[in-house]
Amino acid sequence: MNATEAALAETELEAERDEAARVAHEYRLAKNKRERRSRLFKHIFLIIFSFIMLYPLLWLLASSLKPENEIFGSLGLWPSTFNWSNYTEGWEALPVSFTVFYRNSTIVTVLCVLGNLFSCSFAAYAFARLEFTGKRLFFGLMMMTLMIPYHVVLIPQYVMFLKLGWVDTYLPLIVPRFLASDGFFIFLMVQFFRQIPRELDEAAQIDGCSAFKIYWAVILPLSLPALATSAIFSMIWVWEDFLAPLIYLNDIKNYTVPLALRLFIDQEGQSAFGQMFAMSVLSLVPVVIFFVAFQKLIVRGIATSGMK
Amino acid sequence: MAELKLRKVGKSYGTLSVMHDLNLEIHDGEFLVLVGPSGCGKSTLLRMIAGLEEITDGTIAINGKVVNDLPASRRELSMVFQSYALYPHMSVRKNLAFGLQNLKMDRAEIDRRVDEAARILQIEPLLARKPRQLSGGQKQRVAIGRSIVREPQLFLFDEPLSNLDAELRVQMRVELASLYERLKTTMIYVTHDQVEAMTLATRIVVLRAGKIEQVGTPEELYTKPANLFVAGFIGSPKINMFEATVTGSGSQRMLELGDFGAYALPPGLSEAHNRLTVCVRPEAIKPESGAIQTEGRVRLVEYLGSETIVHIDLPSGKTLIFQTHQMERHRVGETVRVGFDPGDQHLFDADGQRISTEEALFA
Amino acid sequence: MKNTKARNASGYMFLTPWLIGFFLLAIGPILVSLYLSFTRYDMVGDPRWTGLDNYIYMFTRDRRFWKTLEVTFHYVVFAVPLRLIMALGVAMLLDKGLRTIGLYRAIFYLPSLLGASIAIAILWRQLFSIDGVVNQVLAVFGIQGVGWITNPQTSIYTLIVLAIWQFGAPMLIFLAGLRGIPKDLYEAADIDGTSRLRKFYAITLPMLAPVVFFNLVLQIIEAFKIFSPAFIISNGTGGPADSLLVYTVYLFNEAFKFFRMGYASALAWVLLVIIGLFTAIAFATSKYWVHYENERD
């Protein structure tokens, strides 16, 4: 065809292209609008759902500040007046001040966390890095202990501690942690240690390091995430532990915070709701703080423990 | 049958534009290979054709129908993924049948197609096995089988051989080529390996940073690369590139080529050019022959059996690679004289674009 | 020869704390517990051998035993599946690449973290009391609320709701599992025109099966061991007409309220056997519906 025909064909083609482009563009706009709308619905749903999920906690907080008669009166979350006295009076409401209880809980928690980190990392190092006869067997046994309910060993342990005269002290709570009683952390750390390249160990070995040196200078520093995760979970579980302190601690002066709360229900349970809630809120504060601060670690810890 | 028209296709992620104003026509029954370095957009383009990625701008039309708003399953195509994407918990037979079940095809027809595909790909004995029991090559064949059973009008391949070891890759390449011969359906194939491109394609599209550098048959790309990028990308070992300047004036103009000295300019070269790049393929450079010569010291000899690749250092410090089938062995350190004929040179202007020359004038 | 000895030495050196703990706090007590289950022991004198008496009484004459099994099973059968379904559902909702996923993930996980605490148990008791929040909300919809905790028919459901509220932990595990499913499986399904429903039960569920299995076993074991909420909400009694008498509370009371240590030990062993049986069944059936991906190319 000649030049004119070619040019005509070209313009026709161009027009056809542009029309198609316009149609496609319009479709795209409509699709984006649809997607944005469904995303909006999803967000609205999630926000409402989140509110429902958090409502109990918000209610607790609000009720700790409301005057007594308002607590069960309305669903509203905003107190008409802020009764900070629930906190100050509640703190001293029991024969022993909550200062003592918090001190006790802190001591127990800190020592237990240290014990867990120390003993579990030792065991994990042995399982993950060292060779010795019976390793497979012991590892299998360790994994099996994860499945054993505490209640099976509870009674004999109690009898043993009773005979040792350790009842009403913190020893039955703390000493087991120094003996790696919580297999879950051993498991967590083993998974983590296994990911550290063996070449680092081998290089250190060639440099003449002993097993302990390798543990201390190579493995531990590289395992801070696993250690931190273990510390955090350990801290939260020990802080909230109820059964063991319930069994072993008799003297109110030795009570940890959960026991103190339970005492609160018994003594004030039907009257001073506001104070009870206030003390409950305070007992949750350390956990929430740790959670908010170490959220990423916690989330990752759970996820990796699930993916064997 | 399937022919595609891509018009002013663009792709952006938010404000980042990775492709803009791309135009391409794909003819029915051809084996078109999209090739280019990683990040050039070849996979993105394929996925836009497939319907797995949004087409930000422009249109893609299959057989005259614009498919921008058509979901992947309605475009009558099928795709072979780099990682095979086989359903690990289903047997091979179930993997092959899965897509057909969605189409509510009747049982007998599904079985017929599955058996046929299994026969073509020689995977009949594997039908009852699970993917984890298969080797890489077998998995790839199942993936191809899955795309065959749909009897699509268009096949898409996203770097299907990249996960295979070298030997297997060669074998599968041959099988893919024979599959194409048999089915003669339009195939669009993405790879970063120019050898795959050259051996499989009826036409090749070289992409870089979202732009088409050249479209053509393997011969066209090899003998008439449109720019420096294509010249360097296609062909292994890589083409030799030398900077040159035009000296003199009028009919006395010469091409000053560094180590090679000066020689007559091809006639018909416009006055506008005075800085050029001269490219010569390694196999066009021969020892002790050629009109345009230079001398250098052998730095490295790669003996491949059927041929030898020799790297020599030129006086200016640049490296020249030449390829020879001759039996004599060059030794490292020895001086050798090499040369090429003007007919074998490719000239590129200061912007890297090909300058066509009247090759007929040179023997 | 010497090398093995040296290696063993350091291996055992690191293992010592755990070894001591294992024998003193695990194996030893388990065996002692078994022994005690055949005795009568009230902490005052020495254990007195009674043979199978404890077990015979437990299975033939102890009505509370059967009641506590019923209550506990009731709890497990409702709490675990509902919680997992919730966890999976929300995980799938969140998995669609939301930007604010971190925030929602944290919000939904928080109850899990706080759930075992006494504070939450206290809270829960008040939420479900006759004039508590739950009844107030129902009143808004015109539904007459009941005394959830004081009514033996409904009290266990307060615990079940508490368990479901804590879906955050299994949700996190499911989220990680969902992320592990290769995207191109869904893309291949898209090209084949697979409906969303089919994609879910032909791809998502089977690929998640190992994770579901793991979660299921873990959750069942945890559910059998529930203690604090039941204890606090029922004030240590096991609730109206023993409707909150979960197994561990029954065990605890037998041991530390009535000092029937021998019987409590027997109860503990039965619990161990029940949990063991469930786990064994789960593992045995897992072959049929759990497929582990073996990436050997």
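Per-chain numbering from 1; labels A, B and C assigned in written order.
As a working rule, contacts are C-beta pairs under 8 Å (C-beta built on N, C-alpha and C of every residue); 3 or more make two chains touch, one makes a residue touch a chain.
Owing to the predicted nature of the structure, the values given are computational and were not obtained by experimental measurement.
Asks: Mind having a look at which chain is the central one, using mean CA positions?
Replies: Given all protein C-alpha atoms shown, the central chain works out to be A.
Asks: Comparing B-C against A-C, which pair counts more contacting C-beta pairs?
Replies: Pair with the higher count of C-beta contacts: A-C.
Asks: Using C-alpha centres only, name the chain that sits farthest from chain C.
Replies: When every chain centre is compared against chain C, the largest gap points to B.
Asks: Measure off the straight-line distance from the CA centroid of chain A to the CA centroid of chain B, and report it in whole Å.
Replies: 53
Asks: Let me have the rounded angstrom distance from the C-alpha centre of chain A over to the C-alpha centre of chain C, please.
Replies: Centres of chain A and chain C (C-alpha means) sit 17 Å apart.
Asks: What's the distance between the Cα centroids of chain B and chain C, rounded to whole Å?
Replies: Spacing between the chain centres: roughly 58 Å.
Asks: Would you tell me which residues of chain B are touching chain A in their complex?
Replies: By the definition above, chain B touches chain A via 7-8, 54-59, 61, 66, 68-69.
Asks: Considering only the defined contacts, which chain A positions touch chain C in the complex?
Replies: 42, 46, 50, 53-57, 59-60, 63, 72, 74-75, 118-120, 122-123, 125-127, 130-133, 135, 138, 141-142, 145, 147-160, 162, 176, 178-181, 186, 210-212, 215, 236-237, 240, 242-243, 247, 258, 261-262, 265-266, 273, 276-277, 280-281, 283-284, 287-288, 291-292, 295, 298-299, 302-308
Asks: Could you pull out which chain B residues touch chain C in their complex?
Replies: Interface residues on chain B, with respect to chain C: 50-52, 71-74, 77-79, 81, 83, 85, 87-89, 98-99, 102-103, 130, 132, 135-136, 139, 146, 150, 163.
Asks: Per the contact definition, I'd like the list of chain C residues that touch chain B in the complex.
Replies: So the residues of chain C in touch with chain B come to 182, 184-185, 187-195, 198, 202-203, 206-207, 209, 291, 293-297.
Asks: Could you pull out which chain C residues touch chain A in their complex?
Replies: Touching chain A: residues 4, 7-8, 10-22, 24-26, 28-30, 32-33, 36, 43, 93, 96, 98, 102, 104-111, 113-114, 116-120, 122-124, 126-127, 129, 131-133, 136-137, 140, 165, 169, 172-173, 175-177, 180, 211, 214-215, 221, 224-225, 227-228, 231-232, 235, 248, 251-252, 255-256, 261, 264-265, 268-269, 271-272, 275-276, 279 of chain C.
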